[in-house]
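Pasting the structures here.
Two complexes are shown next, each including subunit A; its partner changes from subunit B in the first to subunit C in the second.
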Partner chain A sequence: MAENNNFPKSWKKSSKPHKFCPGCGQSLALKNLGFVIDELQIADKTVYACDIGCSLLTWDMFEIDTIQTHHGRVVPTMVGFKLAKPSAITIAFMGDGGGYAIGAQHLINAAMRDDPITAILINNANYAMTGGQMAPTTLVGQKATTAPNGRDWQKVGKPIHGPEMLAEIAQEGSYIARTISTDIADCKTKIRKALQNQIDGRGFSFIEIISMCPVNWHTDALQSLDFSEKEMTKVYPLGEFKCPQKLA
Partner chain B sequence: MNKELLTGNQAIVKGALASGAQMMTGYPITPTTEILENWAEEAAKNSNLNFLQTEDEMSAGFSMIGGVLAGLKTFSATAGPGNVLMQDALVMAESMRLPTVVFINQRGGPSTGTVIYSQQELNLTCFGGNGEGLRIVYSVGNPQEMYDYAIKAFNTAWRYRFPAFVLGDGYSAKTLTEVETYSLEERKIERVSSAPYLLGEDNSSGSVNLRNTYNLETELNTLLMKHKMAFDGFTSEIVEFDDYQTLGAEIVIVAHGNIAISAKCAIDILKSEDEKVGLFRPITLNPFPSETLRSVVQKKKLIVVIESSLGQFERMVKENLYGENIPMVAIKKPALGINPDEIVERVKDFLKEMNG
Partner chain C sequence: MPAKIIIAGEGGQGVQTIAKILTKAAKKSGKNVSYLPSFGVEQRGGVSLAYIQVSSRPIPYPRFSKADFVVTLSSRSCETIKNFISDNSLVIYDSAEIYEKDINELKAEIKRFVAVPAKNIASEKLSTKVANIIILGVLSAQLKDISFQDFQDTVLMELAAKIKIKPELKELNNSALQMGAEFAQNYESSDHLTGKSPDETVRSFENDKVKWTRFPEYCKGCSLCILSCPVKAITFAKDLNFLGTPMPIVDMEKCIGCGKCMQICPDGAINVEKK
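Here is the complex of A and B:
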């Protein structure tokens, strides 16, 4: 059978099609992650941890060793794994609730301690698995089931800027960036850097990936692209907020 | 064998080292902080030992799980509100059958409470989290036992792959006394080995995908029933108790940990006055030595439950003696120590009432 160049080798065939909703941006991001793992030839030494919420749908997405937990605890789980086995490449994959709300202390302290793991966070501006509640990343005015009139910044504050915040805390040698799932090239480049930084033994690596959630946004394909690429990037600029010289 | 002057917390670290512990994660909290500090000192001297001071006890619990998944004998220590937070990780270990060892030195509760003593973390340690309490809990009462059961807890956890706890208290943790230390080899104790769960040597059967979420109610139910069967299967191998002078006794005191040791002293005093009193002390609170307790209390006139909590232990004793028709009284002093003299006095009162 001919090789399918559009299917990462590190993806598990038996668990496809993947479990995400149609139009979700996460599968694009994770396909890129799969391709990067293939290119770096690290599948046999990579451990991938996924969190609660939509991210748990990836517990058997890869043909690599994986673990699933909740509430942003993917970060300490991978920090502990890396400490015990420094030769492993550890990936902590989570959503904006796990990383920026219920488990925010883990990301902040991992950045401060310069824990040599790669954390990947999906920002889709809502809590998706539970049905579209307000997240720390929900835009001002954006409706959510727990913000029926839209996010009122005077009552609940403005959206969190995760990479910008972590870049303030992180040590030299950290790689911290924001990308978007629909810009395949940019997304792949940044995932690659976030993993290369760990392979090089430099330090903490973090990328936030802006992603689409048509089901909870109640948007069609074009509106989803518009909201993520135009509205979200206005609030969440793409870029590298900390990049070691050797990766630049 | 050596005799050393150690605190309970120092004895725990020595026991952990003797049993082959390789990594500790934790967050400081009285009265367990010295475990963290002593391990940090050991790890600073020995590059084979790993240490991580985490941002909180949830992180301590989950980074411990990370160490276990990578194949290292990893442990933690906590108390009180820290014990509450750590339950998040510990039920995950329970659900996934991961071996963990956690030293709990109880402090007063509820909430922040007091910093040094109670027996109020019994419920939390034995049954904490949104699980079914499939965990092994040793209740210890002095620094020597802290050493002995540190060694035992690592072996039990890694042999049976369930979370194991050594439940002590601040009094025992902070007491400086003579402790007999020994290697596993000189006592001919087997050292149960540890292997990685992820990135193991044998990847012939493809990747390992561990999950903690299930799609169907039946999937989770089947898994839990399997765990329960495994747990029940080894219960008789690990259940432990101390039976002190119950043969011929009219009154049986039931107590655990530090209070059981106090009760033992009281019994020696009462015996010298020809009172017929004995002690049954469960050492494993979970699984509980119910069959032995049931046979010990047969035909006794009175059971006296003594605890430094407000009925947590009494409930456990009642549950395990369900159906027995023997009078039971309890001395319950939450967050307070109970010394032998007080026990002697109270037991004499019970005897007076009983014998009219």
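Here is the complex of A and C:
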């Protein structure tokens, strides 16, 4: 049988096909993450935490010690782990509902304290696992099950800009960026930097990854690509909002 | 006699549809009935389970650990239903959908079974969409406490909205139910657990510079590879992936080996290698 080089070595083979929907951008982000973990050869010292939301579908994604927590608690859990075992590489993986709303306090305080972990947040502009409710990241005018006429910013406020906000409170030595899962090169580069920053022992690292959710957006593949690459990046520009000189 | 029934299959195979029909038919026949649907946490593509009990007496608790009737519609759900099989269970499975190798993994557990090639009967005589109703027909022949008339009426009631849009569905579903029941009545038991033979899907395609390989066991048919190919070398083929949706195929006269399709595939279902 032909060898499959399209499978990160850090992915657990026996749990594949993974549990994400067809065409899910979140699973593409996780493939990119898997390849970067391979490249950096850190699988054996990495600890991975997934949140509640579709991210929990990764409880058996990697051949890596994994823990699952509730809404945003991936952050303090990984901070605790890092304190107890500073040689570990800790990854906190969460959704935008968990990280920016229900458990937002954790992300903010970790950035403020400059906790030396790597946090990765998926921005799919909705609460996906529960069926497409409005999230802090839902675009103005975008329909959601709890905003059937589209998000009305005068009633519920404007979309949250996570990396920009965290960059304001984070200390020097933090790495904070936004990427998109379908730009493979950009996504991998930023994941690599966010992990390297932790490996170098510099400080807090955070990336937001824009990702398609075709099921809750009710879009086909082309529309999903268009919405995430054109509409979402207009509101959520890709870029690095804080980058230590050594990583630039 | 109370009957405990478990039905398992892939999301989209119609497990919960036949579970609902069975539940309502039992009620119509004056029985007590409990129905507990259970899906994975996935939005799509997980195993879908239905726990049903039918009894003349009150039903205290909707769950159970061993079932009298164990119904499985897909290879992946065979693993799920394993623990529900006892020596008295009758296992009903779609032998045109489940691989022989997978059903034989349960050889030690299965004492009595009905192997019904529902998917083939459906696609040859009716429409692939009614394979689940054929299975329901087989089940109806075992559940003597519920009248066949009640099954027939409930099928039409439950699908009324769809029949309104597509009137031919009425006859299709009615025939499917009857074919299932007749299949069960004429069924001769055997010792051999038959099933689908392994697919002979072509996996690799080559030109003088590139080897392009697809993995039907991982592909989910999302079509991102098709959209990402700069020379439009990929299209959907007739053959199917593990979810039963179309799988991409490549035209090696066009492929330049850029690897874009491989990179974008969220499931790692394409491998591109330069020679």
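Methods note: the second predicted complex is superposed on the first by the 245 of 248 C-alpha atoms of A that agree within 3 Å, B and C clash if a C-alpha of one lies under 4 Å from a C-alpha of the other, contacts with A are read in each partner's own complex, and residues count from 1 in each chain.
The working rule: a contact is a pair of C-beta atoms (placed from the backbone, for glycine too) under 8 Å apart; a residue touches a chain by one contact, two chains touch by 3 or more.
Treat the numbers as computed from the prediction; the structure is a model and nothing was measured.
J.: Answer with clash or fit: subunit B and subunit C placed together on subunit A by superposition.
T.: On the superposed model, which is not a single observed complex, subunit B and subunit C fit side by side.
J.: Identify the partner contact of A:N6: answer first if only subunit B is touched, second if only subunit C is, both if each is, neither if none is.
T.: A:N6 sits against subunit C, while subunit B stays out of touch.
J.: Which of the two partners, first being subunit B and second being subunit C, lies in contact with A:M129: first, second, both, or neither?
T.: A:M129: touches subunit C, not subunit B.
J.: Kindly classify A:V140 by the partners it touches after superposition: subunit B alone (first), subunit C alone (second), both, or neither?
T.: Neither subunit B nor subunit C is touched by A:V140.
J.: Taking the superposition on A as described, I'd like to know which of subunit B and subunit C A:T77 touches: first, second, both or neither.
T.: first
J.: After the superposition on chain A, what angle is formed at the C-alpha centre of subunit A by the C-alpha centres of subunit B and subunit C, rounded to the nearest 10 degrees?
T.: For this superposition the angle at subunit A equals 90 degrees.
J.: Of the two partner chains, subunit B (first) and subunit C (second), which one does A:E63 touch, if any: first, second, both, or neither?
T.: The answer is first: A:E63 touches subunit B but not subunit C.
J.: For A:A88, using the defined touch cut-off, is the partner it touches subunit B, subunit C, both, or neither? Pick first, second, both or neither.
T.: Touch status of A:A88: first partner only.
J.: After lining up the shared chain so the two structures overlap, which partner does A:K45 touch, if you call subunit B first and subunit C second: first, second, both or neither?
T.: first
J.: After superposition on the shared chain, which partner residues are touched by A:M165: those of subunit B (first), subunit C (second), both, or neither?
T.: After superposing on A, A:M165 lies clear of both subunit B and subunit C.
J.: So after superposition, what is the minimum Cα distance from subunit B to subunit C, given in Å?
T.: 5
J.: Intersection of subunit A residues contacting subunit B with those contacting subunit C?
T.: In the superposed arrangement, which is not itself an observed complex, subunit A uses residues 56 for both subunit B and subunit C.
J.: Spell out the residues on subunit C that touch subunit A in their complex, using ranges where they run on.
T.: Answer in residue numbers: 40-46, 203-204, 211, 213, 215, 217-218, 220-224, 226-227, 242-243, 245, 262-271, 273.
J.: Using the touch definition up top, name the residues of subunit A that touch subunit B in the complex.
T.: 12, 44-45, 47, 52, 56, 59-60, 62-71, 73, 75-85, 88, 105-106, 108-109
J.: Could you list, by residue number, the parts of subunit B that touch subunit A in their complex?
T.: 22-23, 25, 50, 52, 54-56, 58-67, 69-72, 74, 88-89, 92, 196, 198-199, 203, 206-213
J.: Sort out for me which residues of subunit A touch subunit C in the complex.
T.: 1-8, 11, 16-25, 27-28, 31, 54, 56-57, 128-129, 131, 182, 184, 214-216, 220-222, 225
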